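Structure record follows, encoded as structure tokens.
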């Protein structure tokens, strides 16, 4: 089946992103296709490459990034939610006059339409949040 | 009186930082001294200068920054919480091998001891969170 | 010593209001802020709890949070004091310490 | 149509469990994850609610979340099915839709 | 393979009070975008979500943007199935008259204004929810 | 003016289950730092916070760090006033034997191990909380 994933909380503060990671890993193992992972609300904070968690702890952003690259998963960060919270890709940084971007490899910034589209195209949409 | 403020949630997702801002403005108006504002947990996300909220909405980070500069308020972002969540000043960016920092003017990164010290030195400590 | 307790969650969603009230003593005050202001409205499932508490503690609610949610000040339970941010600051300094029920 | 409901909050803290159960129908299943797994333990204030619900809906709890919190699998209410992430995926695809009670 | 027109039933479930958290606002943003996709969209207000539709919201004091007037634009976006949980209103001592009126204009009847609001019991809501393809809860 | 030694009563109140949110972990980090400041520190576990001290936590499955063993170091940091709300345990069908034992070593009695845990009623806890100068709740 094609699965769409919606993540509404940032990393570490809530378990949402951890649970979603485990869910997506299991889904891939079982042969399902991840149509898209969409990051909304504080979920956009999962995409920052500036994070450096303690060495004995997990790095949630890196885990998403590695998974997406290995399995060619489309990971979309909502542009409006990202602007509010300071997550930028190169284009967004230029448009908003910021001196750098901070998005990790494997994530892309796009509009909320991508979430609705995931709802339409995927067979199931599962939300992880607070 | 000397007041210490602890903020445990990021901007926009929860009202905590907004309420704290209004509280601090009132306290200053009434002649109290803000000993320190300490940002912990997701509260560290208040410090990113990369945010660009919609023009008809408030910019919480800029409001804190302006208030701190005008009234010479010590605004401290917890280093451990900031590392987890990708908030960096110049020194932290260099130490962690990141290509840019993203902290707004008026905020500084320091240790958790600054929170305990605020508890000791201030006459009251008030927490704003989820 | 006197303590100011703040509650910022809706009583319909979160149980912090009962945890808070269980810890209050005679010289405690409770201030409802943010979504917590829902607690002080008349004719809700929780109105009786607030009315019972009024005989024991001083209860306050933050006016700007009531107004934001369209909650009419006329429908606030009698005896609950409606305050602004300035009075929030006063309550903080008039009590010996502050406990936020998050 | 059949629906999978997920609940991720402790019943002691948050009321989402009762909102969820009020919306369940005969072909609904409820999966408790994260702090929600507290709901399925024996001898708590909420055990009766779960036992009543078991006659109406299928109820599941995520094993890794039980284990993380030190909640003994032996103390899970009889009839609640303990599952892993793989079965969470299966539940998602076996039901027609998923509703997360956040 | 040509473009197939998939039409799914989307329900957005609003369960939180506005302003204390951003969910009400960012949920509304998804709903407005979804209008562009020609899907079968409905909105449910239940639990504290019913407060999102309260009349007379005034946010100057808290320094936040008042977005409550945006709900009245839903009809213009062809979003005209709004379900309000009767029991949630009652528990809160509220009646439908405390909430905004939401309407849409019926082209087929000379643009007559019709109410978008359906006051439903939990049993009715449960049945409607169960028929959805996609439920997003904020 | 010279350095005055201010000693305040600090109470850290833990009310949340571990792992679902970060509050338990980041609260513990503050507590450990606070040990360096020679203050009068106590910890309270109430509501779902009592789950923080559960024995046999195993986090491999959720992919998160198991920090439960850190609580046993509190005694070494001279943090030896731990209050556990009896009613919170009872509502959850738990007894004190489900929780970790927390001890400290009494230098004055030949490093005898003593329990740091005080099982208290809500009335007792309320009284103790009311004597604090600083209460931080996570």
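Letters A, B, C, D, E and F mark the chains in the order given here, with residues in each chain numbered from 1 onward.
What we mean here is this: a contact is a pair of C-beta atoms (placed from the backbone, for glycine too) under 8 Å apart; a residue touches a chain by one contact, two chains touch by 3 or more.
Since the structure is predicted, the reported quantities are computational estimates derived from the model, not experimental observations.
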Legend entry - Connected chain clusters in the absence of chain F: one piece
Legend entry - Steps in the shortest chain-to-chain touch route ending at chain F and beginning at chain B: 1
Legend entry - Chains touching both chain A and chain D: E, F
Legend entry - Farthest-lying chain, centroid of Cα atoms versus that of chain A: C
Inset, instruction - Report the chain whose mean Cα position is at the greatest distance from that of chain E. - result: F
Inset, instruction - Tell me which of D-F and A-E has more C-beta pairs in contact. - result: D-F
Inset, instruction - Starting from the mean Cα coordinates of chain B and chain C, work out the distance between those two points in Å. - result: 26
Inset, instruction - Round to the nearest whole Å and give the separation of the Cα centres of chain A and chain F. - result: 35
Legend entry - Centroid spacing, where centroids are CA-atom means, of chain C and chain E in whole angstrom: 29
Legend entry - Where chain D touches two or more other chains at once, by residue number: 8, 12-13, 15, 34-35, 64, 84, 97-98, 100, 102
Legend entry - Multi-partner residues of chain F (each touching 2 or more other chains): 19-22, 47, 62, 64, 133-134, 137-138
Inset, instruction - Give the residues of chain B that touch two or more other chains, as numbers and ranges in rising order. - result: 8, 12-13, 15, 19, 22, 41, 57, 80, 125, 127
Legend entry - Interchain pairs in contact, sorted by label: A-B, A-D, A-E, A-F, B-C, B-E, B-F, C-D, C-E, C-F, D-E, D-F
Inset, instruction - Quick one: which bits of chain E touch chain B in the complex? Just the residue numbers, please. - result: 19-22, 62-65
Inset, instruction - Provide the residue numbers of chain A that touch chain F in the complex, in ascending order. - result: 12-15, 18-19, 21-22, 56-58, 130
Legend entry - Contact footprint of chain F on chain C as seen in their complex: 1, 3, 15, 19, 22-25, 27-28, 96-102
Legend entry - chain A partner contacts - residues on chain B that touch it in the complex: 10-13, 41-42, 45, 48-54, 57, 61, 80, 83-88, 93, 96, 98-100, 102
Legend entry - Interfacial residue positions of chain A with respect to chain E in the complex: 6, 8, 40-41, 80-81, 111-113, 115-117, 119-121, 125, 127
